[in-house]
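Before anything else, here is the set of structures, which you'll find just below.
There are two complexes below, and they share chain A, which is joined by chain B in the first and by chain C in the second.
Take a look at the complex of A and B:
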């Protein structure tokens, strides 16, 4: 790869949230040292020219009969697509359609317009994307390194995790103790409050946001924004069938999960059933 | 005979004695006598009467759960499954009345025996899990109404348990089997979407 790969960053139908997320990265200067940004809709770059580039970043969704920079949007992206070495579909809208339209490679979970060209595409979903996720992919491309992908062409290094992994509320998940309100330090958000962490692929609780936090850590449920099903309705309420979560953690059968969680709930954990700050040493002694 | 088979035999014997005489009036010596074993040998299989009572609960729950699992895995409607579960339960109540007796007269009436190690779902999880799966799939297929689990569970199990109890007390006017149809119908009407 070139010393400074050339990037064209095009905004399709979206909110520019992924741009804002990425360019607020504290170490953003290294991006400009290592890459040449030929075009970006929000930054001072030259006017868009349809030309060859190493990486085409498409932020936002495709939409028919939508005008962008004097071109038909879908035709513009097709032309740029053909001249680019690699394409990054950036954000959930570009990956699956998300809020605004159709994704490049997927329309929700179905095959999309550019599915046939999947060998050129790397998908980074998220609403918005985490700046580190794009940095990782760009650096790997610049260094000409192989990027292992999952079945949705998402980099495994990021999306093999669930956002549940590393959550500070995992102890409450283990014992089936739910948070009664949002914003509390205690309690799991999976059982009632709508958290999709156990079945959402992302590294949000491993690589933290703004280097300090994640939604579930702060007391807000994971909205599942890296998945094709995003956005669902009722994001603050767990979908249940007869009181049983409609979506269960990945990798286990419903029967196994119900058995385990029923047993966990039957074994009352005194320590976690009260505010942590009220736990005294006596509890620990008793447990010994 | 393997140790597991022997344990099962002891459990069967204990089951009928517990069901007939109650937990407290039955001694390990009674069970040993019925088995033709020495009391000392009995303790090689179960360290106490309480542990025997708990294992018995796990064992029967698993047996019953396995049967419901077969129904859950059938490719039939929730309505038909309800009938199959009622049928299964009533059949057991007639053929193995000590099973229902044990559950009602020992487990539900002497919770203090089960306080340490059988709390909540611990010993009945095999059975309750299958009922959960039955309900969950019924709602997912839009055949059953989405409601609180225990509201539905109580309606289903309380109802058929009650009928089995009345049957055991010889209060029902007709054989229990004849109630399969109307009881299943009532349960379905109460749970359907």
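Take a look at the complex of A and C:
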């Protein structure tokens, strides 16, 4: 076990959204009790010094000719990288590049600047990251426990799931009933609204956002923000090939998926083919 | 006279100041922002709906206001309006974002310029995460949801959800009123000013409000603003060729209590901070009234008819008036333009014609620079869009 691991948290090119998402962590005081923050872009710390640390957290993407605290950003990160025991690439920008630049280990799906040093890197993609994801990784490092990773250096305990798992619209997916429109409780968003849940590695519907909800539960499609391809074009439209979603659930052959869909569609689920609640305005007004 | 360069961080992003000083007094400050991310270009040729996902990423703290501005700009291009239900939900989540931002700004950004005590930071983060949770109940998550779309909102709440939101809003109101009560008394604000004069940081006395969401009302027209390139990587923003102050003080200056403080201290650092904190109370009261008018039976979303057109929107974001402008052709974005509140307040003017933040710093002791500069709640991340 490491006693109060030292953290340097540096903001590369991004929006600070991962920091702000982390600030939503319940019981955040435990973070301050268990770790020593040598530098953070928003929280009060000493000025940044190039020095050794146990964990370097890079939030945001690499970008040439970008100035940070008077340094050239990419050189600053290289210097800090070499002096750090472990590096957490925090958020899709730092992992794959995202909207703003290049990731540490990857440039989209290709090998990135620090690919050769991948043994030191743990990738936590997400736009933004979920506070529990980072807490888990930091605590495992502090407790000196083994973190199982996948081939993209993502922690399996977070990214072996798809964001589809646990979605409250799963019944509609089972019976292939699409959402006709936005703004309804009913229907699955995978067929027309662009939901990438069935093929996105993340646990958004297992470890809920802000402890209470997720985008698909609120009627918004999953945009695949934990993936290298984020943000794809046409985020609110399902890409189709001959009327069938071009991207199908992970781990299934196209033929298997089509067979299952055909059967499910032919067997009508009466309960799910109508509104869950018929709303009557007068009644509701009276309640008010 | 001596000129020193200072990089200000521990704000959203960073700003470079060139401080002209004489005997520890500030004669003038040049403001520079040296980051640029190119979001406007990134949007070109994408489907207009993609802007609802990309634009919140302009900023990790006030991205929800960018989402509202995006949806409204597209709605204005199509000539449509959302249902009353969608409008109220948008007011609740964007109003809560303002509160969330103010809490973090006061305790995490501003407080350490005078008092370095971690308990205030913990207090802020515990409370702001509670605010995020209320937003998430409606919007799916916070930060970075995209539940506001042209034509309405994506969620379809039940009365059960709404009652839960209302209960949480009431609890939040109590917490906010503990920071500052209805009469404007605030222990924490007085503590912040223990070793800081209240009458420093006086500025231009010119206020501008261009948005009319929540309870705010406009005092000018967005058509009269102009952008002018600076020597660093951002543009100045002028209204009828003059610099103005935008933000909580500007949009609440007619509130009787804030007016009273203003009459005693003019547009000083104290008035500016007071207005920002008291705005949380005003928004809370407004939201608790609005939620009573929510009718779950109204549609959440009405599908808009898409057309080739241009749309302009202004919303009052946490730091002031935020402007979005979109041009749509064949469902794609032909051009996109964003002007953020920090550009108004932190324009780089001249000694003779300074912007609001520059005017507030001129003539003050150098030791007060950090507090005065940060009382404007600088969002350099937004500036570097």
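Operating definition for what follows: the second predicted complex is superposed on the first by the 276 of 288 C-alpha atoms of A that agree within 3 Å, B and C clash if a C-alpha of one lies under 4 Å from a C-alpha of the other, contacts with A are read in each partner's own complex, and residues count from 1 in each chain.
The definition used in the following text is that a residue touches a chain if its C-beta (ideal position, glycine included) is under 8 Å from a C-beta of that chain, and two chains touch if they have at least 3 such contacts.
What you see is a predicted model, and the numbers here were worked out from it, not measured in a lab.
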Q: Have a look at where A:279 lands relative to chain B and chain C in the superposition and call it first, second, both or neither.
A: second
Q) In this superposed model, does chain C or chain B come into contact with more residues of chain A? A) C
Q.
Quick one: is A:223 in contact with chain B, with chain C, with both, or with neither? Answer first, second, both or neither.
A. second
Q: Look at A:240 in the shared chain and tell me whether it touches chain B only, chain C only, both, or neither; answer first, second, both or neither.
A: first
Q: Using the superposition on chain A described above, determine whether A:267 touches chain B (first), chain C (second), both, or neither.
A: first
**Q.** Touching partner for A:259 - first (chain B), second (chain C), both, neither
**A.** first
Q. Who does A:46 touch here: chain B (first), chain C (second), both, or neither?
A. neither
Q. Following superposition on chain A, which residues of chain A contact chain B and also contact chain C?
A. none
Q) Which residues of chain C touch chain A in their complex? A) 7, 9-10, 12-14, 34-35, 37, 39, 42, 46-47, 49-50, 52-54, 57-61, 63, 104, 108-109, 112, 116, 118, 121-122, 125-126, 128-129, 132-133, 135-147, 149, 151-156, 158-159, 292, 295-301, 303, 381
Q.
Under the definition above, what is the set of chain A residues touching chain C in their complex?
A. 11, 13-21, 23-26, 28-29, 32, 41-44, 66-70, 99-100, 127-128, 181-185, 204, 209-220, 223, 225, 231, 233-237, 277, 279-281, 284-285, 287-288
Q: Report the residues of chain A in contact with chain B in the complex, numbered from low to high.
A: 240-244, 246, 254-255, 258-259, 262-263, 265-268
Q) Quick one: in the complex, what on chain B touches chain A? A) 69, 119-122, 125-126, 128-130, 132-133, 135-140, 144, 146-150, 152
